[in-house]
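The same chain A turns up in both complexes below, where it pairs with chain B and then with chain C.
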Partner chain A sequence: MTSATDSDDRPGLAVTTTALAVIVFLQVPVIVVMLAAFSTTSYLTIPPQGLTLAWFGKVLSDPSYLSAIRMSLILACGSTVISLVLGVAAAYALFRKSVPGSEAITSFLMAPLILPAVVIGVALLQYFSLTGLRGSLIGLLMAHVVITVPYIVRSGLASLSGLDLAVEEAARVLGATGFEAFRLVTLPLIRPGLVAGALFAFITSLDNVPVTIFLIGANQTTLPVLIFSSVEMGIDPSVAAVSTLLIVATGIVLLIAERRAGFHRFV
Partner chain B sequence: MIAPRHGLMLIAPLALVLAGFFLVPVLMMLPTSFAEYVPGAGLAKGVWTLENYTRIVTDDYYREVIWRTLGLGLFVTLACLVMGYPLAYLIARGPERWRVPLILLVIFPMMLNLVVRSFGWIALLANRGLVNNLLIDLGLISAPLKLMFNLTGLMIGLTHIYLPFMVLMLVAAIRNVPRDVESAAATLGSSRLHVFTSVTLPLSAPGILAGSILVFVLTISALVTPRMLGGPTYKVMATLIYDEFMQLLDWPSGSALSFALTFMAIGVIWLSSRLTKRWAGMA
Partner chain C sequence: MSALTFERLGKSYGDATVVQDVSLAIKEGEFVSLLGPSGCGKTTILRMVAGLVTPSRGRILIGSDDVTALPPNKRGLGLVFQSYALFPHLTVYENVAFGLRRRKVAGAELEKRVKEALAMVRLGAFGERYPRQLSGGQQQRVAIARALAPHPRVLLFDEPLSNLDAQLRDEMQIELKRLQRGLGITTLFVTHDQGEALSMSDRVGVMAKGVMQQFATPEDIYHRPATGFVASFIGKPNRLTGSVALRNGAGGTLSLGGGLKLPASLIDQPEGAKVDIVIRQEAIRLHRDGTETGALAGTIALRSFSGARVQYVVKLAEQVELVAEAPSSGPDSELAIGSSVALAIDPASVFAMSAEGTAA
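And now, the complex of A and B:
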């Protein structure tokens, strides 16, 4: 046996074929949903019988879908912004080791990731019922902050850890206040990591059912909760149409994040 | 260094939000889990009982649901490992120009709405779904296979949902295996299979363990996919908790089940960190 050349430890044909089959498996439900959205039949058929955009029209003129889309966007944008402010501040303090017991605090801030989401959901259901917060927007927003903020703290800590403190100190020496130094020097340096973290937070909020479903009041249904409950009622292609809109939106966001920030490096 | 006073001011807002909207609500479920449930009236005042917990281990139905949940976690983890490793290996060691497109194809379904993905599986696995129609058209079966509302459906759906997490963990682990060690083994006469089983696989073991724990904990905690693919009758722990709170209104029992699920999730994570430390100690 001669020395191992580069091509020797390349994956063989069997591995490559299996891996590509797994890639196909991962895309199958996505493709199926998109195909089903264009069917002219009132029940779900694949391949679609005939071709129509009517289901998209139905979704985009249906007030319950529109109000659910609005609610989802309000929650996702609101909780991402609040989480960014609270999470970056906390990550910065933890990074500068300016508080005692920073390891324990970090674990506490990440704890909502470890607890099953359904447990957070029912705990908040009882809590909101007792305090009268059930059905309030502020309660829902705070619930979404709880489930999204760990992603911000994690990406904040990860981006800060590669940072040279000397740059910020230099700004201070040159007369910048602490906040100016952070805003003008540190923040631009950690921006790509924070963008990735914010995207994760946004999608986590937009995706969430197990916490949201326990807390929403009348007229507060979010898009995933609406799809979730309409599937229990029975399926028509408008569910596939609204899902297709989400698939396309997710794809576009992912491609932009990849182009702009090299998103795959942060996953 | 910034002053401790400033550090506290930066952390306090988030710590307060998490205390008020996470820690306290979870802790407040503790008394509820020891309360007695009176059908129709809610909680009995001033009566404390262990029954909500003892029922979890003694009641046949609860036991069945718990075993089903744990079995599902195990099967899904194994399926993710078997399917995920070849893909992770291709991404980590395959042609450079394939890497980013492949990773994006793994991330894309992961970023996609969970409800949408589960909905896709309903369209595929239902009695008149794509899979059954295809098999019947091909003449392979005469009556539709039961692929939903049972273990098969949940396994397929949950494996699809959590496979990307496993793949990403394994990619990181395989990339950490030094190629020099593999080359050295090959130079010394090991076959490719032997290099893989005696070098690559053991050296990527920490990543395999981390990915497995992650997938297992996510699977036993899952609510949406089991509900959509299992329907209202084929229950796992999370959907049982959902029903106790939303349908039966038996909050004490639901709270006890919540703590049982939390205990299982944290217990698995704790066990694995013990295991990792022991491995690190041996190395």
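And now, the complex of A and C:
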């Protein structure tokens, strides 16, 4: 190593430099987009020319952006809540081995994490065309549940495996019904893990393009899909502005999660 | 009327029977231990009583109520777990209040009973703490207070002291016994530690391979074991092999290797049969050579000092060795290696049984 003295166990100069370079490389695009959102030019440019909030104003008064944001939030909130209910129930049953073939079911529920999103999109498109769900909000919501539920199941299983099962038995013997024991003892103990899983689910739904783009109806769109198609048609700083909003919103959610649940322990 | 009754209680998993038709009746206020090696079925019985395991056969009665089919929350029992199983997200106070709240106890009555329970285990000042802020012994006491607070009809203990160090364990034994006596609460205590079972219980049930071997007072278990297993499991046994020379009532005379003869009080095999012989270490008295007639003779092969007692390995003949002990302050505490001794063995502590019957 380079200049490490014998009492000094901090990483050497080479390691530090490499780490810094990687971080800068990964973060530069984010910074570039955020800077470009403030440019007065009608095209994306770096460094930004002048300084204006006009693009944010344009985005926030553009009905197509607003309805896309609304749609994205409805999908993300809806699929997170549904995934939480289904995923926690599934994780609990799988953990207690109260269903035969738990290993197979676990792999099945996890499959959307591994399958290419495009494949899921095409498959669901076929399925929805056959069942008449194509283009409906319900169909889209179900699709988002499919891709978000693995995060809940995985974080649920991980949290449950760290649990002393005797605590639930203790609650039962003390007079709690099965549901009370779950609600009063098990659930609070796995809550931090579930918060982390729910955030993953929320963000996954919020920025999903490959599945959504196959299933979305003709007269509706989500924010990431709209950004995707806006870029195709020619880029102006309003795309950068809406991206900046998305980045800031995600940042705030993560910050709250870290404060409330010690998010970093689950990533 | 009995406080807790098992009627031909049994549990099987597939072909494996872990508890075989156990019947016993525990009296009101009695302290009963189930004692046996791990895997003998004692914990399964406790879990069946609590409602955490469903029996395959038989009935469980609390008082005169058949609770066999009731879920755990309807049985009104208290259970102290080996791992304590405190609720880590609740304070000590809320842990103790948990059972009371499920019974809809609230307000001043709730507070009074939680404080009462905490005072009983001398943790009155610890209500606001969380379990992780307490030592192992304190957590144990919270678990006991939590089980006691709802005034259970029967208190169950699953190896509660096995996670404590030796000194604390001795203190908790006495404290538990005092508490149980004071409250007069019927108690079922599961343990693999014979010292614990014998010292705390009114009656002890010794189990092996799912079968209740003997259910009796500690004195009877120790002095009058009913089966070969109990004889070999209780006390500090020497194990030898030999054969039955003569049967006489329940006992007779045993033949050890090297032409040695030994009277025994319990022999469960016919004359001439090969047997395993159990001789309690504490039943062997050593004397300097020549002081005793009719006793066995041997030489000291090894001496080890362990505080209050001294252990000797005594060689009687080729391949025949016994461990004996003496008080370390007595006249026989300084026998030298190689010296000749006479052994007086109380026949009441000599047992012989078929090779399969002994504890591993």
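Heads up, the rule we're going with is that the second predicted complex is superposed on the first by the 257 of 267 C-alpha atoms of A that agree within 3 Å, B and C clash if a C-alpha of one lies under 4 Å from a C-alpha of the other, contacts with A are read in each partner's own complex, and residues count from 1 in each chain.
We take it that contacts are C-beta pairs under 8 Å (C-beta built on N, C-alpha and C of every residue); 3 or more make two chains touch, one makes a residue touch a chain.
Given the structure is predicted, the values throughout are model-derived calculations rather than measurements.
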So, A:127: does it touch chain B (first), chain C (second), both, or neither?
first
Taking the superposition as given, does A:248 touch the first partner, chain B, the second, chain C, both, or neither?
neither
Is A:105 touching the first partner chain B, the second partner chain C, both, or neither of them?
first
By residue count, is chain A touched more by chain B or by chain C?
B
Would you check which partner chain A:66 touches, where first means chain B only, second means chain C only, and both and neither mean what they say?
neither
A:27 contacts which: chain B (first), chain C (second), both, neither?
first
First, second, both or neither for A:167, with chain B first and chain C second:
second
Between chain B and chain C, whom does A:207 touch in the aligned arrangement: first, second, both, or neither?
first
Mind sorting out which residues of chain A both chain B and chain C touch, each in its own complex?
178
Looking at the complex, which residues from chain B come into contact with chain A?
1-4, 6-8, 10-11, 13-15, 17-18, 20-26, 28-29, 32, 83-84, 86-87, 89-91, 93-95, 100, 102-109, 111-124, 130, 133, 160, 163-164, 168, 179, 182-183, 186-187, 189, 192, 195, 217, 220-221, 223-224, 227-228, 232, 238, 241-242, 245-246, 251, 254-255, 258-259, 261-262, 265-266, 269
Residue ranges of chain A touching chain C (in the complex, touch as defined):
164, 166-167, 169-178, 180, 184-185, 188-189
Of chain C, residues touching chain A in the complex:
50-52, 71-73, 75-79, 81, 83, 85-89, 98-99, 102-103, 146-147, 150
The chain A residues in contact with chain B across the complex are 1, 3-4, 8-12, 15-16, 18-20, 22-23, 25-30, 32-33, 36, 44, 46, 86-87, 89-90, 92-94, 96-100, 105, 108-109, 111-112, 114-120, 122-127, 130, 142-143, 145-146, 149, 153, 178, 203, 206-207, 209-210, 213-214, 223-224, 227-228, 231-232, 235, 239-240, 243, 246-247, 250-251, 253-254, 258, 263-264, 267
